[in-house]
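What follows is a pair of complexes built around subunit A, which joins subunit B in one and subunit C in the other.
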Partner chain A sequence: MKINQHTTDHTLTLVLDGELDASSSVLLDTELNQPSILENQKVLIDCQRLNYISSAGLGVFISHLQRFQDASVKLVFFNMQEKVHNVFEILGLDSLLTIVPSEAEATAI
Partner chain B sequence: MKNAIRVSCTRRNLKVVRDFVSEFLEHYQLSELHINQIVLAVDEVVANLIIHGNSEDESRFLDVRLTMQEREFGIELEDESSTSYSPSSYREPDLHEFVRIGKKGGVGMMLVNRIMDRVEFTTEGLHNICRLYKKIA
Partner chain C sequence: MQPFALLSWVGLLVCTLLYARPTLAPGVGTPPGWLLLGVQAVFAAAVFLQERARPDRLRGLDFVGLLRNLLFGPGLLATVCVLLHLIERLLKAEMPGTSPLLFTVLYTVNVGLFILFLARTNYSWRSLVLFRSSARLRRIWEWFELLLGITLLLSLVPRSLPYSMTTALLGGLAVLGVYISSHQKWVAYLNRRQKIQAVLLQSGVIVAMGVFAAYFLQTQYDPLLVAPAPQHAFLVLNAFFAAFYAFMGLMVTFFNLPTAGVFEQKREEILSLQRLTQLIQKSQTPEEVYRMLFDSAIQTVEADAAWLEVESIDGIDYSGQHYHISPEQAAAIQRLLTEYNLGHIEYLNNDLQNSAGFRSLDLPYGSLIVMPLRSSKRQYGALYMLKEQRQGFDRENLSILQTFTSQTVLSIENLQLMQASIQNQLVQEELKIASSVQDSLIPKDLPIDNWFEISSHAQAAKEVGGDFYDFLHLPGRRLAVLIGDVSGKGITAAFHVAQMKGIFHALMQENPLARNEREKFPVPSKFMAQANNALARCLEKAAFITASLYIIDYEHGGFVFARAGHCHTLYYHSIKEEVSYFHTAGLGLGIIRNDSYEKHIKNQFYDYNPGDVMVIYTDGIVEARNAAGDEYGEDRLQFMLEQTYYMDAAVIKEKILADLEEFSRGQPMHDDQTLLVIKFRASQPDIPL
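And now, the complex of A and B:
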């Protein structure tokens, strides 16, 4: 699992590359836990190269969602593969989180 | 086709088991989405057994056995942990509540129960055995 990031106009984009499981989710948790992340207006999660997610990865997003909402930071997922999106759907997380098809739509939110 | 492996109880072996199950299922003309669902269900139980059941003790082992009988996929996971999972204590979690309190874990068995047709946990002697089944269309 690799996480690359870039920032433009108060928007932080995290680019996830690889498999997010009980072993690798610690890395994502560390990134989302940075206090400075709440200085952004938006945090975009680019999922194009995210090939797999388990409950450990989902749990990291669930655990930070309220903190982001309290700080008025929007968390938006985009470019999600169908098999990964399906995992969010199985739990109904697709209605709790903001998931859009493309980066353009994520940026427009 | 290889249908059994033994792995030590470390998180690094989660991917080893996922790849093993995935390669087994690739012989049965399933969609990528369905393979991913079954691999995910197995991964969730294996993660629970390695992390919670065996405290990530690399000197302990987990046996994984796969079957396909009359288009029903079966997986048997066996360890020698002194702690065993009690399905009767399971309650479907409230995700809104999890978001509110910032809870990190607890949705793994929800995925397993929603994906698989049958989930069985038994203790036979010193061995804990978990069996998962899924009918393949």
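And now, the complex of A and C:
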């Protein structure tokens, strides 16, 4: 699992590359835990190369959901592969999170 | 033997007295010379045999103790001899007319003392000769003893043997004595101090021997001596051997003195290696092991200064040690070595002052050894040894330090392995508990009724997962079925499973205040909302639970269910002859922890028909992987039901599991797998119409 990030005018983009399982979700948690992350208006998650997400990975996003909401930071997922999207959908997260098809739509929000 | 020796000595005294003055006992007359010699031989034999029968006087490697006991025991008899002789002379000078009687008595006493001294000396020498000896040498020694014994008899058979033969026998024995005297292996086991002591003690023994020899040589021709010649051959040979062995030992020890230091150092190295090995094996912590290494290394190579650098890893609270050097000085040398690219490699420099960089540090050292501590896997640190003199270390030092450090690294790694295995055992133990808890939570008895068939399968992965399912009969021929999966693994997951089960049984109680039938039991969506509420306070932040609750009502031929983020329900509709998934929305439990959750959960009603099949499962089934990494998937599961819907519930389950097994053959099981198949029956055989 690799996590790359870049910031452009108050928007942080995290690019996830690989499988988000129990061990790599610790990495992601560390990234999302940084206090400075709440200074952004938006946090975009690029899921194009995210091949797999375990329940631990989902748990990381879930655990930060409330914090982001309270700080009115928008969390947007884009470029999600179908099988990963399926996992989000089964858990019902698609109704709770903003998941859009492309980066353009994500930035437009 | 002791009283016998004493008795024979008294006999000897009596005989000698009678011999010197036959008038003492007129009835007996002068005893013949052979009797005297015979009694003397008996006495000598008794003393020697008595010494021979004693246990080995050598205690372990205490050679000096053996020599000391010899010199300050029987060795002192020589002074007694001298003293007696002086008294006799004094008496003679005072009273010139003294009879030879006193002289004879003293002479006999001295012969006894001399024989005692010889016996003790030669049997002490036996201990030294036979120290770690071969069987051959033992046999030679026994022959030597036997032949010496025979010489006692020689003087008893006068003139029966030709002179040349006697000479040959005595000469041969002397040569044998010389040969035996060459066995001085024990000297090698002495350190320098002990060698000096041994030289002094052996000189003492030789002096004692000389005193006796001088006495007997002097008295031999004394006109006062009225006694037959003593057991000449035996005593001379024994005295010769005793003196010669002492002399040889003295020489060997003496010439070994200059090399004693080197021997001692080697011995010390071996001993400290041994000590280190033993101590290290007893050590409980890496810290102790490092300390032991450091102390032993300094002691063994006699370093003037040293420091041990240990990389702080794995939470080991030990950063090294300094000996006669300040951490700042050590750091300066270290920097210099790193500059020269010499840090952490094996390195020996015997001329430090030759290096400009080192001279600039202004430290008084001339020699340096760097010995890294490393295994094939990793670097643990390095040991630095300094000496003030130049050419202070040699290759030997390097190799002994090498042995030390590799022993240390081995012990450190052993300790780590041991700790890891203890840790592992604890985890195993925890998992065992978790899995037995989980196992106890799985219902052992499936509900039985004539309007449905049910078959279940539950398999826990190696690491305990969080799958669960449960049933509850409700009044009015209704059945509640719960299935779910707690995120996470291990004890926490098992704990949440237990909690979920408790919530299920608590909420599925009949409400006595209900106004109508419908409100007696919570509908599935209400149940999920209440469960979410209950879990909100105790689930950890990143944890969530997926679950589906089905309430099947036979009276009305229908069921209602809610899916809280759990896998979709697979269903065979017998009317339409079609297999499909119920795609309903529903959020997992614990994701939203406030009242708004209720908006995210829906009830789904369905009227079933006889022959319908419901397949409910956990993600361990559809996410099982094959060797290529593909998931089993919903499509393949659907396909399987399309092939098997007409069979019994148990058979459908078996077919699906067999297919899953084939799909994921050879792959480890990552998650728990739970599968329930419910088939609604066509008729009611027990109610005849």
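Here, the second predicted complex is superposed on the first by the 109 of 109 C-alpha atoms of A that agree within 3 Å, B and C clash if a C-alpha of one lies under 4 Å from a C-alpha of the other, contacts with A are read in each partner's own complex, and residues count from 1 in each chain.
In the analysis below, contacts are C-beta pairs under 8 Å (C-beta built on N, C-alpha and C of every residue); 3 or more make two chains touch, one makes a residue touch a chain.
Since the structure is predicted, the reported quantities are computational estimates derived from the model, not experimental observations.
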item	value
Overlay on subunit A: subunit C relative to subunit B, clash or fit	clash
Contacts of A:Ser63 with subunit B and subunit C, given as first, second, both or neither	both
Partner chain in contact with A:Gly92 - subunit B first, subunit C second, else both or neither	both
Which of subunit B and subunit C A:Leu50 touches, first, second, both or neither	neither
Subunit B versus subunit C as contact partner of A:Glu82, first or second or both or neither	first
Between subunit B and subunit C, more extensive residue contact with subunit A	B
Subunit B versus subunit C as contact partner of A:Leu20, first or second or both or neither	neither
First (subunit B), second (subunit C), both or neither touched by A:Ile3	neither
Touching both subunit B and subunit C, residues of subunit A	22, 29, 55-56, 58-60, 62-63, 65-66, 83, 90-93, 96
Subunit C-touching residues of subunit A, taken from the complex the two chains share	22, 29, 55-56, 58-60, 62-63, 65-66, 83, 90-93, 95-96
Contact set on subunit C toward subunit A in their complex	485, 487-489, 541-544, 546, 564-568, 585-588, 590-593, 600, 631
Of all residues in subunit A, those that touch subunit B in their complex	19, 21-23, 29, 52, 54-56, 58-60, 62-67, 82-83, 86-87, 90-93, 96
Contact set on subunit B toward subunit A in their complex	11-12, 14-15, 18, 32-33, 36-37, 39-40, 43-44, 47, 51, 95-96, 98-108, 110-111, 114-115
